[in-house]
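Note that chain A is present in both complexes that follow, paired respectively with chain B and with chain C.
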Partner chain A sequence: MGNSYQLIIIGGGPACLSAGLDATRARLSTLLIERAIPGGQIINAELVENYPGFPHGISGAELGSLMEQQATKYGLEIIMAEVEGVEVGEEEKIVHTSEGQYRAKALIIAGGSEHGKLGVPGEEELRGRGVSYCATCDGAFFKDQVIAVVGGGNVAINDALFLTRFASKVIVIHRRDQLRATKILSEGAFARPKIEFLWDTVVESIGGDGQVRELGLRNVKTGTESKLEVSGIFVAVGLRPNTGYLEGVVALSQEGFILVNDQMETGVPGIFAAGDIRAGSARQVSSAVGDGATAAISAERYLSSI
Partner chain B sequence: MAEPLSVDDKNFNEVVIEAKTPFLVDFWAPWCAPCRAIAPMVEELAGEYEGRVGFGKVNVDENPKAATDYGIRSIPTLLLFKEGKPMTQIVGLRSKAELKKHLDATLT
Partner chain C sequence: MGNSYQLIIIGGGPACLSAGLDATRARLSTLLIERAIPGGQIINAELVENYPGFPHGISGAELGSLMEQQATKYGLEIIMAEVEGVEVGEEEKIVHTSEGQYRAKALIIAGGSEHGKLGVPGEEELRGRGVSYCATCDGAFFKDQVIAVVGGGNVAINDALFLTRFASKVIVIHRRDQLRATKILSEGAFARPKIEFLWDTVVESIGGDGQVRELGLRNVKTGTESKLEVSGIFVAVGLRPNTGYLEGVVALSQEGFILVNDQMETGVPGIFAAGDIRAGSARQVSSAVGDGATAAISAERYLSSI
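Right, the complex of A and B next:
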């Protein structure tokens, strides 16, 4: 049967490509199902500076593409489809996708996570009209303008630093009184005159008539509400795991991440999870790649035991 | 197989607004990674919907007017026109299945 494999990998990010590489080198017939483009979240990163082996950093898009080249070298099959559900049969796992059904004895779920949303009024209506989730895509639309970045993690601070190339001023709005981002990034942002910080502050609304004009803010410590005039807002808060279709299939954490042990095994024999999608992930390219390798080795062990 | 047309500030009116069929415009730029991800899907759709929907691509870097006219500040953005008017705006990377739903909805 053409649609039957030993292993199916769901997702196309670093964890998946790493798993695909190890699985195909172990001569497992392996299919990788990705919804859009191999590479995952990192394809939006201007420069990845903490992945070992690239002392001068590497663009996320290039790193993703190199990982794909390496993974497909040993026969990894890749298809573009949206996964709609997973069914655990007696002998096989069945993956339902927008392009039909695929079957395999083992499954590695590594579909990563998506950027979080603020969930405030105006966000959905003004998306693409000043509300953005991708600084490298949209920064150039905000030349000489005042913009806000929401968040305090690595993505937010990287975005703020990148956006100073275009914007006249970048205001980082963070709900806590210190950054979560790596020290070296934070130091860079503090030293950049164009970047200002609004601490202990959350965005309550995004306003504007067809284009973003102002933000409604609230200080979480004092409760004081205020307005801030900006022409753009880049949202870099949290990540949501892509596990909606997995409820009732594998155990999920309260936040929706997949629970695994240190061998990347879920509670279901033959189903493994790796990368950002699993609970407790360090959410780095390097940790995702490690997870992928572990999951592939566990899958190989499982397949030879059945 | 039909390929998306190259649309620019000069021919936008003629190609998109005066199109006899619904027309999907892909606003993109070379620096945008998700734009590169959505491009092959748009190309495939151009083949699958040949004769029923027109397809074009606007490089916003070289054609700022078209993007400004429609208030586009995020790419990739797909704008679906019907009888010269923008009906549906799809922002960000989506799956091909989702894009097809929007196209089918416009055709009915």
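Right, the complex of A and C next:
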């Protein structure tokens, strides 16, 4: 039973590393399964300023690495694999992955969420050729160029502010007539001369010959169509939780987030969720880390009780 | 109106400093009211090993100070005062303190809870030197040693079960002849060979020279006194949330903890709670920090909506 553990954690972000830390400190044999490098979305963050304990901020990559170091110190095992399905057996939960199957009595699902797509012509073809979902990853490629950011939430406005470091102009395209982002972010963006806003507007197509050239736009109030010349487009239109493989296993919200109580318990005994993948998450590094600790303690209590 | 704010945070621990950080970053005028030095209970912790981001651990005092530095960086005001009462006015919440009254549209209550004490000689002097009130925090320090747990409720038995992962023997000392803990927990503990029980017994003193060495015991039925050699004693005789002044203001659990939903909202619009003072808290630095972030985001959303 080399593939059998007391606890399996699905995902590799802050919620997972926090859960892994508390679980292995409680001496649970614990496996963490992540498809990429541990750290999750924060490894793309240039500076994390609101995770308590780092008054001067810390780069996301560094914070992720510190968390990984700390979690593995107590014996957390980490493998790289794609999770394909979860089966609830009588005695154990079985996790099917691209690298075979793993079994555990308890499961913490904390695989985060993925960036939403526009679903318009050109988006897939020009991905990585001017279409990006990660400003901190790709911003530097657009020095002195005109680029667009699609969205009106915190992520979109954060991205727009960040991109002014490189671009000559950043045009925020938002389908409503006001932002959803917090006041501090919005005010910062309004005050930045490099940032312009296109309200009540959606992107209908992305055009270009091997590289993004122009966007097809439509004003949702007037119906007017127009073209906008840009060299790049950053899509920041929300998050989709990675829960496709969990339908029928645990209860999900309408948007696909995992429903849990305040102990991070799903309705299935022994299955817990934490971080951005659960409904109602505050989507901060700190709240993810808190969720992870709560889930680990709940898992430990569950394992003691069976 | 010099005493009027958008948000008042009651308490000074990790939940409060985390809330203060996110609130001031969201540009809310925010006052934190704490009766002592900011940092809360963690300032007594010699080494915090399970707050993600510090792989080598960090002293509680240092972590508290870093968190305070970070929270005040964005304009958090802190005053030292004892909170005596909270009044819910039509437009504002009024906080009555030993230093006068303060007003705010929103309130985050995160004043923590206090561990019940035995009140016996040696307890205060040997705190952090073998006397602990938190098994998950300090259990790992007692590898292969004999330790005692005082109490008979769920927390005590959970602690005893948890501590078997480290200790060679765990002796549960309880003043009655049966446990208050749930059946499932009790049965788990009775079945664990490493756990022994001393019934009808109270601790009368804690002895040791710079480190816990032995306990003075008394059987409450026979009056017999005895000594017990241990390296550590975990006191689990209940938590007292600091909510006496909140009766009739927000809904409390039977034990006095504040009832909140997963957004940290109490039933009263504009009043939120976070950390150890709320029902269902995992009672870790990381979960308190997560609660604080969630409460601040909820408060910001509430203030935007009124």
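Keep in mind that, in the parts below, the second predicted complex is superposed on the first by the 306 of 306 C-alpha atoms of A that agree within 3 Å, B and C clash if a C-alpha of one lies under 4 Å from a C-alpha of the other, contacts with A are read in each partner's own complex, and residues count from 1 in each chain.
Throughout what follows, a contact is a pair of C-beta atoms (placed from the backbone, for glycine too) under 8 Å apart; a residue touches a chain by one contact, two chains touch by 3 or more.
Worth saying up front: this structure is predicted, and the values here are computed from it rather than measured.
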Tell me which partner A:S29 touches in the superposition: chain B (first), chain C (second), both or neither.
neither
Looking at A:S286 after the superposition, I want to know if it touches chain B, chain C, both of them or none. Which is it: first, second, both, neither?
second
Between chain B (first) and chain C (second), which does A:N44 come into contact with in this model arrangement: first, second, both, or neither?
first
Partner chain(s) touched by A:D262 [first = chain B, second = chain C, both, neither]
second
In the superposed arrangement, does A:G128 touch chain B (first), chain C (second), both or neither?
first
So in the superposed three-chain picture, is A:S205 touching just chain B, just chain C, both, or none of them (first/second/both/neither)?
neither
One more residue to check, A:K183. First (chain B), second (chain C), both or neither?
second
With both structures superposed, pick whichever of chain B and chain C touches the larger number of chain A residues.
C
Output the chain A positions appearing in both contact lists, the one against chain B and the one against chain C.
none
For chain A, which residues are in contact with chain B within the complex?
35-37, 39, 43-44, 60-61, 80-82, 98, 127-134, 136-138, 140-142, 210-211, 232
Write out the stretch or stretches of chain B touching chain A in their complex.
29, 31-38, 41, 61, 67, 71-77, 89, 91-98
In their complex, what parts of chain C are in touch with chain A?
14, 17-18, 21-22, 25-27, 49-55, 58, 63, 66-67, 69-71, 73, 136, 140, 158, 161-162, 165-166, 184-185, 188, 260-263, 280, 282, 284, 286-294, 297, 300, 304
